[in-house]
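In the two complexes that follow, chain A is the common piece, with chain B as its partner first and chain C second.
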Partner chain A sequence: MENDIVLKVEDLKVRFYTYEGIVKAIEKVSLFLKEGEILGVVGETGCGKSVTALSVMRLTPHPGRIEDGKIYLKTDDGMVNLMEKDEKYLEKIRGRYISIIFQEPGAALDPLYKIGEQISEALLIHRKVKYYKDALRIVENKLKDEKGSLRKYFLNIEKKILNELIKNPNSLFISIILKLPLLKRIKKLVEEEVKKDVMVLLKSMGFPDPERIINMYPHELSGGMKQRVVIAMALACNPKIMIADEPTTNLDVTIQAQILKLIKELQKRLLSSIIYITHDFGVVAEVCDRVAVMYAGNICELADVHEIFKNPLHPYTRALLESIPRPGKPFKSIPGVIPNLINPPSGCRFHPRCAYATEKCRREVPELIEVKKNHYVACHNVVGG
Partner chain B sequence: MRPLIKTYNLKKYYEIITGGIIKKSKEYVKAVDDVNLTIFKGECLGLVGESGCGKTTLGKTILMLLKPTSGHIFFDAPPEVLDEIDELMNDDSMEAREKLREYLNKYDITTFKEHKLKNLRRRMQIVFQDPRTSLNPRMFIKDIVAEPLIVHKLAKKSEIEERVLEILEMVGLTKMHLRRYPHEFSGGQRQRIAIARALITHPDFVVLDEPTSSVDVSVRAKLLELFKDLQEKLNLTYLFISHDLSVVECISDRVAVMYLGKVIELASTKELFNNPLHPYTKALISAIPVPDPTARRKRILLKGEVPSPVNPPLGCRFHPRCPYAKEICRVKEPEMIEVKNDHYLACHLWADVK
Partner chain C sequence: MAEESSSRWKSLGPLIMEIKFTFKRIRQSPLSIIGMSIIFFYAVIAILAPVLAPPQPGRDPYIMPCYGVSPMPSPPSEKAIWGTTEGQYDIYYGCIWGVRTAFRTGILTTIGTLIIGIIIGSIAGYYGGKIDEIIMRITDMFYAIPTIVLAMAIVVLLGVGLDNVIKAMIIVGWPTYARLMRAEVMRIKNEDYIEAARAIGCSNLRIIAKHVLPNAIYPVIIMASMNIGNVVLAASALSFLGLGSPAGYADWGAMISLSRNWILGLPGNPLAFWYTYTIPGLFIFTFVLGWNLLGDAFRDMLDPLVRRR
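Then we have the complex of A and B:
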């Protein structure tokens, strides 16, 4: 069973150091992600869904800091604890093994670059050498057929440079040389190779005419199309894990249905795992295999989708499910407000809003316990009865 | 039931001028195109559609916050007069026209001058989508809520605070909130303040423009409850604009579906959700994610996206995305007809689609 776990987070603890005080944003979050599954993370605004996702990638926004915890990621060299690695290593991980899509697709794209350029950037960072090799092959083929001696001379120089680049992709000397007018052709060769891959990628995202799209700027695309482009960028290098941070929140229902279908299809085809962050239980029911419910920086319940909807055990999960408007039923809501995380309530963080709170809830922090098989709950009352 | 608001062929076009001096050309964004809508007293009419279909523009135009390009709006006109106007509209004789003009000058709010409108504005209010931007960050809550009273001269200075407090308590805020600034409140509370500001003039008609789209699920339920409560207490009429169909299903009595500036289907909530007739409505309803993992439904996925309202497709505006489109849909624009009791539809194919 341990073998198919691709990501494992243990006791993650994140603090934000602000002027008003220390925000205890994430408190001992533990979760794991199996291969080929979609894990939903649900909760209200400010409960730490996005911070968890960003922290998993070691991208905790300033002034936040990961205080404690371990993040194990399955890579080609086995399980790696990301907390022990430096920025240089993480750069290689991001995009190749784990990537993220954000809520606002317009903000994730650079308005000054064409779509094609932005997607090829992602490809070039991780697969530079592959494209240099492709370009080298083309140059060698040309050399065979070439008769003119002057042309042959230039092609030989190009071949030499490409060989050098494959050996040492980040060489400063060569990057300066490539600025020379006659040698710019090498860059063009490489770019064309990348472009082929970008077209294939865009086609698989459901764009009927990728040739037109790659020459467009982000503002020329609609919200749904932008989100597709962002997904294409995230999946450019076939990562094992994709984190989707409310990818359909700003989209219309009909477009949302299209994107959800696309995400599900891609997940099946590429066999990657997805962490799907959302606040919409409808979407959760539609796409997720397992669900983690978060409240005020803690995971309060973690179970199978069917289990969560049929048999929710934590009072917060129940209240959240009841607050979904359903026709013919009276509206129900959760009394009270989300606590301020600078001074979170003692004990169980949900106790001021909980109808079943006891003295124990006020004193002790409940642990996430497996009450049934694969059904974890952090509540004192559930274990008692 | 007595109609509170009735619109005839309401249009709102936005002009866009492209090119410079040489290649100057004018085009129009047809945000609202030929909308005939009746809102009855005491009901909640839901208005749904995708973003950019003209929902908000329609809401603002009905309130005369935007000047309509053409068309008529009647606010609280006597029902006899409305019936007579209906007849006169179809009559082409000289006398009829004369009489119609007289009526229009008297009841049509699009012909009203600003001071006459101001009296009406007291009776129709709006709650905007985002309470972060609709409340002035430099004013106290008590000043924000009292402003309509001062503008309309509805209360003496000594009474103002009392009236403000009364309405704030009605929406669930207390005395201690009076001297606070908007940033000190959560999203749900801010929306309550916006509601209080709208209701302090005791309006008859309130446009709720996506009032729950910027708040959380748990807060959303509370706000919806409040809307229902207030409607009963103050005898309000709502136009509830939303893209969230599950919310509309819970709060509205009737629902109108808009697509690219046109109302394409209108029916009672129950009828519309159980028996949608327009292919677009069907797709829209089937696209709502249902919070139940065991539910497996047939889903109608629409191709492509909403076309630009600058050059909307000829004929039926939905035909490029419609799975059942026929030749007639490309050529002729469908009219709104009553296909069943109180179920209005603009589609050539309603009998076939069934």
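Then we have the complex of A and C:
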């Protein structure tokens, strides 16, 4: 396995067990993500982009189930197959190594908590101990300068409790003790430490006045601001991989440009890899390094962004690119509709809409093969070339 | 000008700002002020009951003093300023100490039903499937029988008494809250922010405690605050039927029950004993009204979507 691969998905298969029947949402999706690259995932609505993204985090929405496949994620203990891990382990992975931002920034924030509280939650889940240690250092410093014996006595108690917390961060007993009036100060101390990091984080998201933002509720922010807060939450623990599920679809164009710029900038600075899900080829051309084109639960083409635009090999990719409206050119749409995934077409799922379909396409499912270096296509009749 | 005042607010710190804002919201709605003042007024009466109507030393303060043995109510006089009801029990004393009884029944019953309803409802809503199905069929069984009849049956089973009335009403009352809670939890658990919380690594318990419950609980709390009045009304009805407190206990429902034989008055003077039922009746009426109005105030106070508009 190559060293710079941070995520590798092999033969992912997801089924939804609905009342009307089994929806074959994802059929053998394989992809990999290299360190520091932005992989675009493009396709029509309902082709399984979002399900793929959520399944990679093992968050497949109900009633969906991952039937088969392997998801390798690079962690501090090397490559880990997420399919073999239990929920407890996955909770530690999510947010720390891999995180996601959603399409609707307004809905991804809990309306009851202030922005500051929500971002601190993201930080505290994975870095509790670090903040307890910070607080302990402050208490120890105070203890050095303190002369009064009563104050010293209290500071010593605080020190003891913090030491205990560092040893045993999830202790229920201590978390109840911390609610007591005099000992609340410890919690305050920890919160102050977290707040410092929240401010830095918000500042790096381009908020000029984080002090004001942390005391606001989500509905007091505009769409673009909310999306930046959501990105801040996702990046709070410096994950290696971020999945962006159409993060700019519901924003207007100027805000969209701002968010795209921010994402690119963050990706360069933090060296994380991004899976960028969209249906907008303009955005793909703007941000992505490589592109995966999806159709009806399959990946049909995977190549560098320049290669896709210059030399599309799959008929579906061609058709998609041709259907981008351009002034002066006749507008071409793809005939037919997206297939019903309860009863998908046999063979290649695109064959009923494909201009080049042959008898073989009706019978056999095409494999994703490397026709050129770093250019994978799943088609029996590779066009052009 | 506006900027000046907002900067002054900011200097006060966020918590005080919140409280100030809450009161500003409540001030804007006169009905909630009326509701709050009624309940505040009753709370003061409940606290000051030993001063307003000093109990005789050595006696249970909740038993109304009686001035004689004649069953016939007597009109307001020096000794009993609002008159006496059947058995010569002092109406003034009973009404004042009855406030305490009303608060106790209302609040204990509501807290009991709330806790059971919230726990059962959120389990049903969050986990769904078979657990949900079983719990909901049990609540359906409770719904099939009229609540007051069921409560009566349970009181008879447990034995007559005010404590048993409270227990019976808790047993009968929780399905309403459980259903509402379940519906709310089911709505909230499909929200994007729950998914987002899971995506940053929250555990199930944390999601329920920090994100699902606080978001789902408002309609239940508002309903509960409106229901305190109804609970008092139901308890009064049970007392009126003779299932509640023992004879002579300071309880509005029981007092109306005592006046039952005198509602028709004397021949030729139907309003002869008006004080026996009108005064406790007015207490029940205003108490229930106060809680209903307060329910609206609670909504304005608690719901962040309504409040910051």
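For this structure, a couple of remarks:
By definition in this document, the second predicted complex is superposed on the first by the 381 of 385 C-alpha atoms of A that agree within 3 Å, B and C clash if a C-alpha of one lies under 4 Å from a C-alpha of the other, contacts with A are read in each partner's own complex, and residues count from 1 in each chain.
Throughout what follows, a contact is a pair of C-beta atoms (placed from the backbone, for glycine too) under 8 Å apart; a residue touches a chain by one contact, two chains touch by 3 or more.
Because the structure is predicted, anything quoted here is derived from the model rather than measured.
With the C-alpha superposition on chain A as described, chain C and chain B fit side by side in the combined arrangement. In the overlay built on the shared chain, the residue A:Asn298 is in contact with neither chain B nor chain C.
Once the two complexes are laid over each other on the shared chain, residue contacts for A:Ile93 go to chain C alone; chain B is not touched. In the superposition on chain A, A:Ser50 contacts neither chain B nor chain C. When the two complexes are overlaid on their common chain A, residue A:Gln227 makes contact with neither chain B nor chain C. Figure note: vertex chain A, arms to chain B and chain C, all at CA centres after fitting on chain A; angle 80 degrees, rounded to a multiple of 10. In the superposition on chain A, A:Ser272 contacts neither chain B nor chain C. Once chain A of one complex is fitted onto chain A of the other, the partner contacts of A:Val253 are limited to chain B, with no touch recorded for chain C.
Of the two partner chains placed by superposition, only chain C is touched by A:Phe102; chain B is not.
Our summary of the superposed model lists a minimum C-alpha distance of 5 Å between chain B and chain C. Chain A residues in contact with chain B (one complex) as well as with chain C (other complex) do not exist. Against chain A, the residues of chain C that register as touching in their complex are 14, 191-193, 195-204, 210-211, 214-215, 304-305, 308.
Residues 54, 57, 59, 61, 87-88, 91-96, 99-100, 102, 104, 107-112, 121-122, 125-126, 215, 217, 219-220, 230, 233-234, 236 of chain A are the ones that touch chain C when the two sit in their complex.
The touching residues of chain A, counted against chain B in their complex, run 44-45, 222-225, 252-258, 260-261, 279-286, 305-306, 309, 319-321, 323-327, 330-334, 337-338. Taken together, the chain B residues at the contact with chain A in this complex read 50-51, 186-187, 216-222, 224-225, 228, 243, 245-247, 249-251, 269, 273, 283-284, 286-295, 299, 301-302, 305-306.
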